[in-house]
Amino acid sequence: MSAVLKAPLTVEFPFTRSLGPVQSAFLTGLRERVILGVRTGDGRTLVPPVEYDPVTAEEIRDLVEVAPTGTVTTWAWNHAPRRGQPLATPFAWILVRLDGADTALLHALDAPGPDAVHTGMRVRVRWAGERTGAITDIACFEPYDGERAEPAGHSGEFTDAVTGIVAPARLDYTYSPGRATTGYLHALAGRRMVGERCPSCRKVYVPPRGACPTCGVATAEQVEVGPGGTVTTFCIVNIKAKNLDIEVPYVYAHIALDGADLALHGRIAGIPYDQVRMGLRVEPVWTEGGRYPDHYRPTGEPDTAYDTYKELL
Amino acid sequence: MSKEPVAVIGVGQTKHVAARRDVSIAGLVREAARRALDDAELTWADIDAVVIGKAPDFFEGVMMPELYLADALGAVGKPMMRVHTAGSVGGSTALVAASLVAARVHGTVLTLAFEKQSESNAMWGLSLPIPFQQPLLAGAGGFFAPHVRAYMRRSGAPDTVGSLVAYKNRRNALKNPYAHLHEHDITLEKVQASPMLWDPIRYSETCPSSDGACAMVLTDRAGAARAPRPAAWMHGGAMRSEPTLFAGKDCVSPRAGRDCAADVYRQAGIADPRRDIDAVEMYVPFSWYEPMWLENLGFAAEGEGWKLTESGVTELDGDLPVDMSGGVLSTNPIGASGMIRFAEAALQVRGLAGEHQVDGARRVLGHAYGGGSQFFAMWLVGAEPPTS
Amino acid sequence: MNREIAVVAFAQTDHRRTSDESSEVEMLMPVLHEVLARTGLKTADIGFTCSGSSDYLAGRAFSFTLALDGVGAWPPISESHVEMDGAWALYEAWVKLQTGDADTALVYSYGKSSPGSVRDVLTRQLDPYYVAPLWPDSVALAALQAQALIDTGRADEPALAAVGARSRADAETNPHAQLRGSVSQGEYLVRPLRTGDCPPIGDGAAAVILAAGERARDLCERPAWIRGIDHRIEAHGIGVRDLTDSPSTRLAAERAGAFERPVDTAELHAPFSSQEIVLREALRLDDGVRVNPSGGALAANPVMAAGLIRIGESAARIHRGESDRALAHATSGPCLQQNLVAVLEGDPR
C-alpha cells in the first residue's frame, strides 16, 4: 500500500467578540492606562474583573480602579515563546495580584532570566505603545522596586468605550485522511473510481469511509465502479459561495455510479441547468491536474426509470 | 423502581437577533438562564447541576466553552456537562438533563443551549478547507435541497407547499416576542417571489442566522409541587441516531426519526399521534421539512404530509398547529434551536405561550434533528403528570 | 433509584505519537470490536451508546459523526455525544442506566493530538477575552500550578521527577503505554516543568461497556461495580483559584463515597507530575494506595480518552482480581478545573 497522504489544514478566523459592560470597561480602561477591578458583594476586588462572582454567581458591576503595580503569586519560565504569546524573547508567565486586588491576573513578565524571577517579587505594568482596548494593551509586566502606585479612583465610565474585540485565531493541523480515503484518492489519480465492499452486507461504498456504517466493520475489498452513473436527485445552486470558484447557476447532484450502493455528490454540466432531471445518465469529465472529476456530463443514454433508483434517494 | 417524573417549571430565552453586540457569550447565556430561574422563582443555590449544549465549538472559536461559562451559570462547585449532537443538540441536552432528574441523581437541574453566531460565520465553521475534499457547495441549504426534491418527486406535492409553510411560520413569529424575524409586511406573494437559492428552496423558505440562548429548569415531583406556575410534565423522551450516509438510507424519511417518535409515543401511551397530540413544535430549517416530518413522525401517511399543510391543518388555529413559535424558520441560534422547540412545547402545555398559545393544548411534541438527517431528539410533554 | 451498574469490559488502543495511517474511525473500530467481543454483545444488543471527543482537537466540525460509522448504528441506536472526555460520556451512560431505560451501554472516546499542536489547541479553552489572546499553552499553565505547589514547600523538583519516573517504570507492564521504562527527566519545557513532568503527546481511543445488575454478572466474571460517581467544576479563572488544591476533586470524591472506606488502587488523570501530588492530597491517598499502576497520563495521554482510560484501567484491575476497591479520576480544563471521581469495587473473593 502506498504512502499515507498528508496535507496542511489551517483553521483561521478573526472572531468578533462583543464584550458586555464589565469587560468593555476593563479593556477600555487598558486603552486609557487605567486598570479596573470589580467589587463583589462581600467586598473582594477581582482583577481582571469578571461579570459574575465565581463564588456566589451574582452579577457584579461595581468597578473600582486598582494600581498598575503588584506582586507575583506564581511564575513559570518560558524559554521558547510560541506564536501569539506576549513576548518574542524568553519571558516568565506570571500570575500577578495587583495592589488593591484580591485575585491574580495572568500575563507575561519581561525579565533577564529565571534567576531574576521569584514568587513575591514586585512588578508593574509596561503599557503597549499602541493601545486598542485589548488585554495586549498591557505589553507585559516588568520588575519594579519602587513605591506602590496609588490608583486615581477612576469611575469606570468612559466616553468612546470599546464594545468589542477582534480575536484572530489560527491553528495549523496536518491532515491525513486515513487508509480507505487514501486508497480512493490514489485510484482517482488514475481516473478510476474505486470503492470498497463491506464483507458483511456486501454493499459497495464510494467513496469508501473506512467502515461500513451500518455493520461497523472495516471495508477492504476494492471494487471499481462507474464510470457511468444516474442522477438520483439534485438542486440548482443560485448563490455564489465566497470560497468556491464555480459560476452560478450550477447543478449539484447526487449520482449513483454503476455498481455503487449509494450516491456520491458532484456537479452536472454539459447540459443547460434547467434540463437536468432525476434519472439522467451521466459520466465523469476529468481535467488536467484535477484530483476529482471536474463535473459529470450526460452520456446521451435513455434516462433510468425512477423505480430502479428510488431506493438510493 | 419506576423513574421519577420530570417537570419543566422554568423556561427562559433571549430575544433572538442576528447579532447581540451588547453582551458577551456569558452575558447571553446568563440572560436565558436568569429568565428560566425567574419563571421558576428559584435562585442559583436551588440548582443541583447544569447541562449545557451547543453546536460546533468553531462557531464561537471557543473550545469547550462550558469551562469558561461555569461561573456565569452558577455551576461552580456543581456538576456541569456539555452535550454536542449536531443540530439536535438542544433537544439532546434537555433529555440528558431530564435523565438526571428521572434517575433521581439530582432534584433540580438547569439546562441551557446557545449559539452566538455573530462571533464568526457558520458558513466558515461548516466548510473548513479539509484537504483532499472537493469543495462543491457551501451552506446547509444545498445539502438539504436535493432531499426536498426527492420528497416532491415521491409525494407529488405541488411546488407551492414550501411557501405556505414559510408564510405560516413567519406569521406565527409575529406573535412571539422572542422570535428573530418579525416580518410585519409578509405576504404569500412575497415568499413565492423570493429568489431561488438552492432550487427547489427559496430564500424565504430558509432559516436566519441568530444569536440566542434558551434555558429550562427541570425538577422532580417535589420541586414541581413548590413551583409557582403550572409545570409541563415529560411523558416521553428519546434520542435516535443513524449513520450520516449509508447504502439504503432514506434521506426523506429517515428511520431514526420514525423509531425515535415511536419510542416517545410508546412511553407516552400515544396510540394515534394525529388524534392524541394537540400541537407540534418541530425542527424545520427549510420549509419543506414540515410535510416531510409530518410523515416521518406519523401525523400523516407517506406522501400525504403536504395535504395537512395545504389544507391549513398546521396553522396556529388549525387542528394540528405546527411551529407555533415561528419555528427555526424564524429563529436559528443553531445549538439552541432544538431546545427552543422543546421549550415551546413546554410553554404550550403550561398555557404560558402568550399570543401564540394554542387553546387547550394538553399534549405537545417537541422535535429536533441534526447532522445529515441522522440525529433525532424528541420529547412529549403534557399538562398533567404522567399516570404510570 | 440506585441500580447496581458495573464496568464489564474495557479496551484501548496502543497509544502512539502519530496514527496518520488511520482515520479516527479506523483507529477507533478495533477497540469497539474488542469490548463487544469480550462480552459477546452486538451493537444491536446495546441499550445506549455515548461518546466523547473534540472538534477542536480534530480540526473539523462534527468530527464525531464520522466516528459513528464504526459503531454500526443500524438499525438506529439510542445514542448521545459529549464534547468532553469519555469519562463524562460514561457518566451520561451511567445516568441513563440508572433511569432503567437501558441495561447495557457502550461508551467510547478517542482523540488524535498528532494532527495539530495540542499545546496551542488547548489555549482555545481559555477565557476568550482576557486570556486566550495571550496564547498561554497548557504546559505554561501547568508550570504556574507546579511553581505554586513548590512555593508551599509540599513538593520540589526532585519530587516531581520521582512521579514521572515511577509512572514510566510502572508503564513497563502496560503494553498500551506510549512512554515506558527509563525516560530521561529532560530539559525544562516551561520551568519548573521538564519534559519528564509532562505527558507524551499522542493518539488513541478507548471503549467501555457498562451493564446493570444481573446482566453485568452474565457478561463478566468479576464486574467492576460503580459504587459512586460524581463530578464537579470550579471557577474558570486560574487567578481566582488556589492552584495547589483541588476542592472539586475532593467534593466529587466525597459524593462518590470515596472516603467511606480506603481504596487499594487509584488511577488519577494527572497529565503533569505536579497535578498528581495535588490530587493525592485532595483525595487523601496515603502510601498504601497503589497510584497509577498503568503509568497514568504521564505514560499515555490521548486527549479526550485519557480520563475514560483511568476508569477502564481501574475496572480492568478489578476484573483481573488485582484490586478490590479502586478510585478512578478524570480531569478537564486548565489546571484541573473540572474533575470526576468514580469508586469501583469487585465482589468479595
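The chains carry the letters A, B and C, assigned in the order they are written, with residues numbered from 1 in each.
The rule we apply is simple: a residue touches a chain if its C-beta (ideal position, glycine included) is under 8 Å from a C-beta of that chain, and two chains touch if they have at least 3 such contacts.
This one's a predicted model, so the numbers in the text were calculated from it and none came from an experiment.
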{"item": "Most central chain, judged by mean C-alpha position against the global CA mean", "value": "A"}
{"item": "Chain whose Cα centroid lies at the greatest distance from that of chain B", "value": "C"}
{"item": "Gap in Å, rounded to a whole number, between the CA centres of chain C and chain A", "value": "25"}
{"item": "Length of the line joining the C-alpha centres of chain B and chain C, rounded to whole Å", "value": "32"}
{"item": "Residues within chain B bordering two or more other chains", "value": "24-25, 58, 60-61, 71, 76, 128, 130, 243-244, 246"}
{"item": "Chain C, residues touching no fewer than two other chains", "value": "56, 59, 66, 68-69, 73-74, 121, 124, 128-129, 132, 235-237"}
{"item": "Junction residues of chain A - those touching two or more other chains", "value": "9, 11, 15, 17, 19, 23, 50, 54-55, 167, 169, 175, 177, 181, 209, 212-214"}
{"item": "Interface residues, chain A side, partner chain B - complex", "value": "5, 7-11, 13, 15-20, 23, 50-57, 59, 163-164, 167, 169, 175, 177, 181, 185, 201, 203-205, 209, 212-214, 232-239, 241-244, 246, 249, 252-254, 261-262, 265-267, 278, 291-292, 306, 310-311, 313"}
{"item": "In the complex with chain B, residue positions of chain C that touch it", "value": "1-2, 49, 54-56, 59-62, 64-66, 68-69, 73-84, 88, 91-92, 95-96, 98-101, 121-122, 124-129, 132, 230-237, 247-248, 251, 332-334, 337-338"}
{"item": "Residues of chain B defined as touching chain C within the complex", "value": "1-4, 24-25, 56-58, 60-65, 67-71, 75-86, 92, 95-96, 99-100, 102-105, 125-126, 128, 130, 238-244, 246, 254-256, 259-260, 263, 371-372, 374-375"}
{"item": "Contact footprint of chain A on chain C as seen in their complex", "value": "20-26, 29, 32-33, 43, 56, 59, 66, 68-74, 114-117, 119-121, 123-124, 128-137, 140-141, 143-148, 151, 188, 190-193, 235-240, 243"}
{"item": "Contact set on chain B toward chain A in their complex", "value": "19-27, 30, 44, 58, 60-61, 71-74, 76, 118-121, 123-124, 127-132, 134-139, 142, 145-150, 153-154, 195-201, 243-252"}
